[in-house]
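What follows is a pair of complexes built around chain A, which joins chain B in one and chain C in the other.
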Partner chain A sequence: MASRALIDYMIGILGPEGVISEREELRAYECDGLMNYRVIPELVVLPETAEQVQQIVRYCHDEGIPFVARGSGTGLSGGALPVEAGVLIVMSRMCKILEVDIPNQRVVVEPGVINLWVTREVGPEGYYYAPDPASQTVSSIGGNLAENSGGVHCLKYGFTTNHVMGAEVVLPDGTMVNIGGGKAPDPLGYELLGAFVGSEGTLGIATKITLRIMRVPEKVRTLLAAFKDTEEAGGAVSGIIGNGILPAAIEMMDALAIEAVETAVHPGYPEAGAVLIVELDGPAAEVDHQFEQVKQICEENNSSEIRIAEDDEERALFWKGRKAAFAAMGRISNDYIVQDGVVPRTELGKVLRRISELSQEYGLRVANVFHAGDGNLHPLVLFDNDKEGEAEKAEDLAGDIVLTCLEHGGSLTGEHGVGRDKMKYMPKMFTTDDLNTMQLLRCAFDPHQVSNPGKIFPTPRLCGERPGRYKMHPVQKAGLAENF
Partner chain B sequence: MGTTRTRVPLEDLRGIVGEGHVREVAGEDAVEGVAPQYVVEPGTIEEIGEVMKLADREGLKVAPRGGGTKTFLGNPPTGLDLVLSVARLNEIIEHVPGDQVIRVQAGARLDDVQERLAGSNQMLALDPSEEGATIGGVVATNSYGPRRLRYATVRDLIIGITVVLPDGTVARAGSKVVKNVAGYDLSKLLTGSLGTLGIIADANFRLHPIPETSGTVVVELDGPEAAGEAVQNILHSQILASALELRWEGGSGTLALLIENVEPAVEAQVEAAASLLRPHKEPEVLGAAEGSELIGSIRHLLDGDDVKLKIGFMPAGIAEVIGAVTGAAERRGVAARMTGHAGNGLTFVGLSGADEEAHAGVVEELRAALVPRGGNVVVQRAPATLKRRVDAWGPVGDKLFLTRRIKEKFDPRGVLNPGRFVGGI
Partner chain C sequence: MTENQNGQSGIPQRGEPGSPYDSVDATERQEPFAGGQAMSAGAAGAHGAGSPEDIAPSTYAAGKSVRQTVGIKRREGGSYVFPAFDDHHPPEKDLIDDCVHCGFCLPTCPTYVLWGEEMDSPRGRIYLMNKALNEEPMNDQMVRHWDLCLGCMACVTACPSGVQYDKLIESVRGQVERRYERPADAKAFRELIFQLFPYPNRLRVAAAPLKLYQRFGVGDKLRKAGVMKVLPKRLRAMEALMPMLTKQQEVPEFTPAVGEKRLTVGFIKGCVQRVFFSEVNAATVRVLAAEGCDVVTPKAQGCCGALSVHAGREEEFQAFARKLIDEFEDAGVDLIIINAAGCGSTLKEYGYLLRDDRAYAEKARAFSAKVRDVSEFLQELGPVAERHPIPVAAAYHDACHLAHGQGIRKQPRQTLKQIPGMEVREIKEAEICCGSAGIYNMIEPEPATELGDRKATNVLNTGARMVVTANPGCMLQIQASLRRMGHSMPMAHPMEVLDASIRGESIETLLMNR
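Here is the complex of A and B:
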């Protein structure tokens, strides 16, 4: 139960409608999209302005109360999992699009703005916001920034980090800074923005974000190709890349994933061991030329059927199956774990074979849906929570898949983040020196580690500050001294 | 420098890197007029670590060096004992063409890397103008060239890094896969850090296919407004430009638009670009060889000028920048000409004639006009005396204290390139 002083202070800033302290209501915030970790926060606050965020954060910092930012709560690694005895700062009421600047190709938004709103806003001008996580109808730009979210089109256009140009940030001590640029290129000083994007809420809270928007491409062409198995589909992927073609997206699904989406949303995929969706976009002459090449490469790799989207409607149908893939698992299995790992593209075949061996060893089904172009796998481990011990087995299998990715020179997460869920694997990918060096940044931004503590790093590094509850020196409070 | 110098324990240094790899200094080793005591050339990451530990312990000031093509960037150093050259770490560690990634040691020359990659029809999509620039230097200075319009800059291409900290710690971040969000992205933090946070030992990058062919469309422009309009027309069109280069001299200019693609697309896009630009003046279309010659000549236009400035401003504000530069220079009797990566909002200014006070005045006037509106004006190359008169960087904004804190954490005793970076870091 939150202390009266804390509740009163927050109500003083936000009014009663901006503060949630009843246990039953707090429950709605006990987890993010990863539901096997749950913590009921002490208090939930819903600021509407950056100044309010600043006041909340400063209070928490001075009182030694940890806080966690939350966007839409769709994260899949427990990033927005509340901390015990901490305040959860929900950004969803800060949801205004502040500025649209077409001549400079920029949009300025508050962090609670939903990803897809940006494209809706600038679409009529012939523009769009490129990063397109499958959660784009619900996830927030602030959450996207904190997770450095990807999407199906990031093979060609990059991730959130390549599209965020500037941010106003409330640091963990309540100071407000502007990092990155905005409209002008090459801001001076260190690349703080590049370090902040993807920091999972541990370096402060973004309160205003400048995004780059892009011209809607002149032409888009999409095909769906069926193959006997993932091996042959993988051959086609290598062929496409090897020919110097950079598609907007190359997605693969295996037989089990196809079965699930057919049951759930009936996109009408062909019966096959694997399907590829390949999308090309850009200048019409380029797309037409390369599309013929892609078709040919698929044929050379024994594709049993190639379908070409004749219009936007058909294209949407191809994508419908892919975008619904995670949720569709619910139709063929009671429970499932969404894994996220990356391997070098040339190791895909070996890693998929290993995953299928693991699936047999554990006696659990694994469906594969992945961004084949950049080697980002999303194996879905299916299990039944009601069966004794299966949940644990599924956890272990999912863990072995991550370790397999690391053994093949990959990464333990391509887009869902480390959060709470994958902290334990960090020492398998990085040395103690690596992790300590990363945390120098944490020490510069958040020496008292009040912002989203207990995430990313399994072993927090001491920053040479006094441990425990932090009280500011009066001189510092008056703004007369900086704290190094 | 007039100050007494810290004694360098020469025998210890030789013990680490070997007798032959500690050199007495020659004239060209000086950085902005400040001469080091020795040049050290470690051969391994471990040796870099040992040299750094020694420097940290003895209070020596160290300047990392790659190809030495850009050691003039930034303010003159406030202290310098050792130049630490990474030239001997020049291996390509790993290149798997099918993965379109490469891992290279910092001392490898970008030219050599490109040559090696060309064999697989791939490239590292960075095109700074200096021959001899090294991978470490390119990362440390955030170097780019005209094609950043299409491929963006180091921060967007780098995917992993190994860095040696002043206390000798060797740390890696990122990985060799293109998509990875595990841990903080130190590769980006080190990009453009000008050797003030750590010694870059190697880096991983994503690669791109070499485009099949190219074409260039050139148009003459008779005033700043025409330049602004032409650039806007291209940016909002369906033209996929690799570069959009501006040259401005004596009140008029030239805009060169580079298109790289498969043959039929180059043909179609060149045609489309030409008709977009036709309202200004009849454009000229150049083939691949002539086009790259023209763009090469634009980028070297300012090489001989006394002072070179770099202005970053919103891309829609090109006419304003041209106007501001022209006005500030004319008022002081300074000759100014400009080039620019116009699609990115970058303008380079070459100043010559008149005196240093006039040059400093131009810089200050431009800062007063452009910085409050989000721009920046950097003195890239100038006599050291001018750099002592005006700061090379100009105001950094409200993030300066945070920038300082980061320096404090990575290099608490100020060993690396002291005084060169923003805010005297």
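Here is the complex of A and C:
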């Protein structure tokens, strides 16, 4: 139970309707999109203005109370997992689109604004917001910023970081600053925005975000190609990229994933070992020309069936299956773990083969849904929690998949963030010096480690500790404290 | 069955491990649940909707009604029931486990849209169900969040995992109704509603003085005199919803097909529909006949029980359902047609809802298999009657129990678009409930009002000349919301529009008196 002083202070700022302190209600916030980890927060607060966020953060900082920001709670790495005895700051009520500036191609939003709302807002003007994570109908811009979310179109258009122009940020000590630029594109000094985007809530809380919007391309064409297996589909992917074509998206799904989405949203995919969805966008002449090339490459790689979306409705149907893929796993399996490893595109075939071997070794099914163009895999390890030991087995298998990605020169996570989930693998990917360097940045922003502690980094390190080889702390040296 | 309040104290057992919900992390604190001794029995005056009058509107921007959901100072009865659910249809574990906590339901949930709180989202409500199933007692907070669900089922449409939230919330409502003691005033008001609305004859009697009341503009005079303000807010909500009553149009027991007969169909008159919107029924029957159907309308038919089942009044519902099934048993009809969305979705669920009833389970399944919404049916049947032009732009409002409950979105639009000159306009946020939700706008007037205003604004923004929707509750709600905002717009059921077109009525006649 939160202390009376804490509750009273928060009520003073937010009014009673902005503070949640009842145990049952707090429990609804004990996890985000990743359910493997749960922590009941001490208190949940729902601010409606940047000033309120600032006051909350300042109080927490001064009282040494850790805090975690949460948007829609859809993250898949436990980034918004509450911290014990900490305050959860929920941004869902800060959901206004503050400014639409079409001539300068920018939109200013509050962090709780849902990704797709931006495109809905500017769509009639012929613009859109490019980053489109599969959760775009529900995930918040604030959360996208924290996790540097990608999406199916980031192959061509980049991640969230490429589309954020500036942000108003409450730092972990309650200072409010503006980082990045506004209308002017290239700010001077350190690129703080680059450090902030993707910092998973450890460097502060964004309260106002300026996004770049893009002109809707003149033409969009989408095809769906079926293949015997993921290897042949992978061949087509290499062929497309190798020919110098940069599609807006190339997505692959394997047989198991196809089965799940067919049960869930009936997109009418062909029965196949793998399907590719390839989308091209840009000037009509270029798109039409390259579209023929893509078709040909798919055929050369033995595609058994190619479907071309005739209209927006059909295109939406192709994508519907892909975007619902994770949640659709609920149809074919009680439980699943989703991984987010990245491998160099050229290693795709080898890694997929290894995943399939691992799947057989462990006796668990693995569905594959991924951004084939940039090698961002999303293997979904399916298991049944009711069966004794299966959860642990699934956990191990997922871990082995991540390690496989690393062995092939890849990375832990493409877009879901490290969060709580993948921090244990960080030392496999980074050296101690690498991690220490990151810690230096974190400590500069948050010396007392109050902002989303216990995420990203495997071992908590105090900011007074010097990175590098162990040296005695001055306090120890003076004999005032001992190290246990 | 009601080991109610202060009954079983002690530490609840953890549920057997099974679902993702059950995985326990080391960081999860295990607070033993303190027994009942500290909690007082009784819940008098407890969880009525919080009164918005006593909060300064500037204290929050998330909406006026937010006060009733969370907040330290809300009044509570302190009652709880443990274990939360009994053995009679608790929410099914398997259905709960289908939820993977992805959150895709959040933005389509009306209460989440209003308040942005996890507990007032489908995902949060399911989370609470799971807690109640496994370890926590049913207490004021849980019941409050379940009660606040409108039952619009937009989440069922949005859910990629196929969670059957409709079944979950229905079973929970039954449990709440049986096991949880509501405050006396809330209980009495619910009782009043259920003694009135499912009984067309009583509703008609109650509506008779209303006619006089309206004729002499009593409502306006009382409003001006400030009398309305002192009425309890739920009665005020009820008053505001009352439509202008028109002359009753009775549907004959048998209406022959015009021209060559294609089918024999049964017709269900509904309760609110038949009292307040009898012209919709008359139009529907005329359309069905014009499209070549003999229409059989059993005279004695009662309520279908939709309102009861949505409020967890299981026995009452079953009695209604059995009666209606009996009334149609010997009617000799190929299909059974309904024009009210709320009734239709329940009629199609009879098979499931009466699954335990040995004598009726099979009959109920057969009955449900015959039920069609009228727009759905007409699109299956294909048009034969000539349509005359109706040159008008109409905003089509998806009734939740049609769009989400029955998946019927295209058919009514198609029906309208087949009328020459008709332009169908889409309403922004179409998937969000208008706040009517059966009896919701009477028992939870504040959130219902906010949702109504939101819907009315979106309706006005279409710039259409009229609103078309297929549910009487939505009509009443949107009408009341528009009126509150100082607007009025003609409103019609798709069948009224189609009837006007088939009969060659002028647009002016159609728009008049609606």
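By our rule, the second predicted complex is superposed on the first by the 463 of 484 C-alpha atoms of A that agree within 3 Å, B and C clash if a C-alpha of one lies under 4 Å from a C-alpha of the other, contacts with A are read in each partner's own complex, and residues count from 1 in each chain.
Just so we're on the same page, a contact is a pair of C-beta atoms (placed from the backbone, for glycine too) under 8 Å apart; a residue touches a chain by one contact, two chains touch by 3 or more.
Since we're looking at a predicted model, the values are computed, not measured.
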Which superposed partner A:360 touches (first chain B, second chain C, both, neither): neither
First (chain B), second (chain C), both or neither touched by A:459: neither
Touching partner for A:38 - first (chain B), second (chain C), both, neither: second
First, second, both or neither for A:346, with chain B first and chain C second: first
Dominant contact partner of chain A by residue count, chain C or chain B: B
Which of chain B and chain C A:431 touches, first, second, both or neither: first
Contacts of A:326 with chain B and chain C, given as first, second, both or neither: second
Which superposed partner A:197 touches (first chain B, second chain C, both, neither): first
Contacting residues of chain A [partner chain C, same complex]: 7, 11, 14-25, 27-33, 35-40, 46, 48, 72-74, 84, 90, 92-93, 95, 112, 114, 135, 137-139, 263-265, 324, 326-331, 334-336, 385-386, 391
Residues of chain C defined as touching chain A within the complex: 17-25, 27-29, 31, 55, 59-62, 66-67, 69-74, 97-104, 106-107, 112, 115-119, 124, 127-128, 131, 136, 139, 141-142, 145, 158-163
Residue ranges of chain A touching chain B (in the complex, touch as defined): 101-105, 126, 147-148, 150, 154, 158-159, 161-162, 171, 175-179, 181-192, 194-195, 197-199, 215, 217-218, 238, 241-242, 244-246, 282-286, 288-290, 342-346, 371, 374-376, 409-418, 422, 426, 429-431, 433-438, 440-445, 456, 482, 484
Residue ranges of chain B in contact with chain A within the complex: 96-101, 121, 142, 152, 155-156, 163, 165, 169-173, 175-186, 188-193, 197, 208-210, 212, 232, 235-240, 261-262, 264-265, 267-269, 310, 312-316, 344-346, 374-376, 378, 393-394, 396-406, 408-410, 421-423
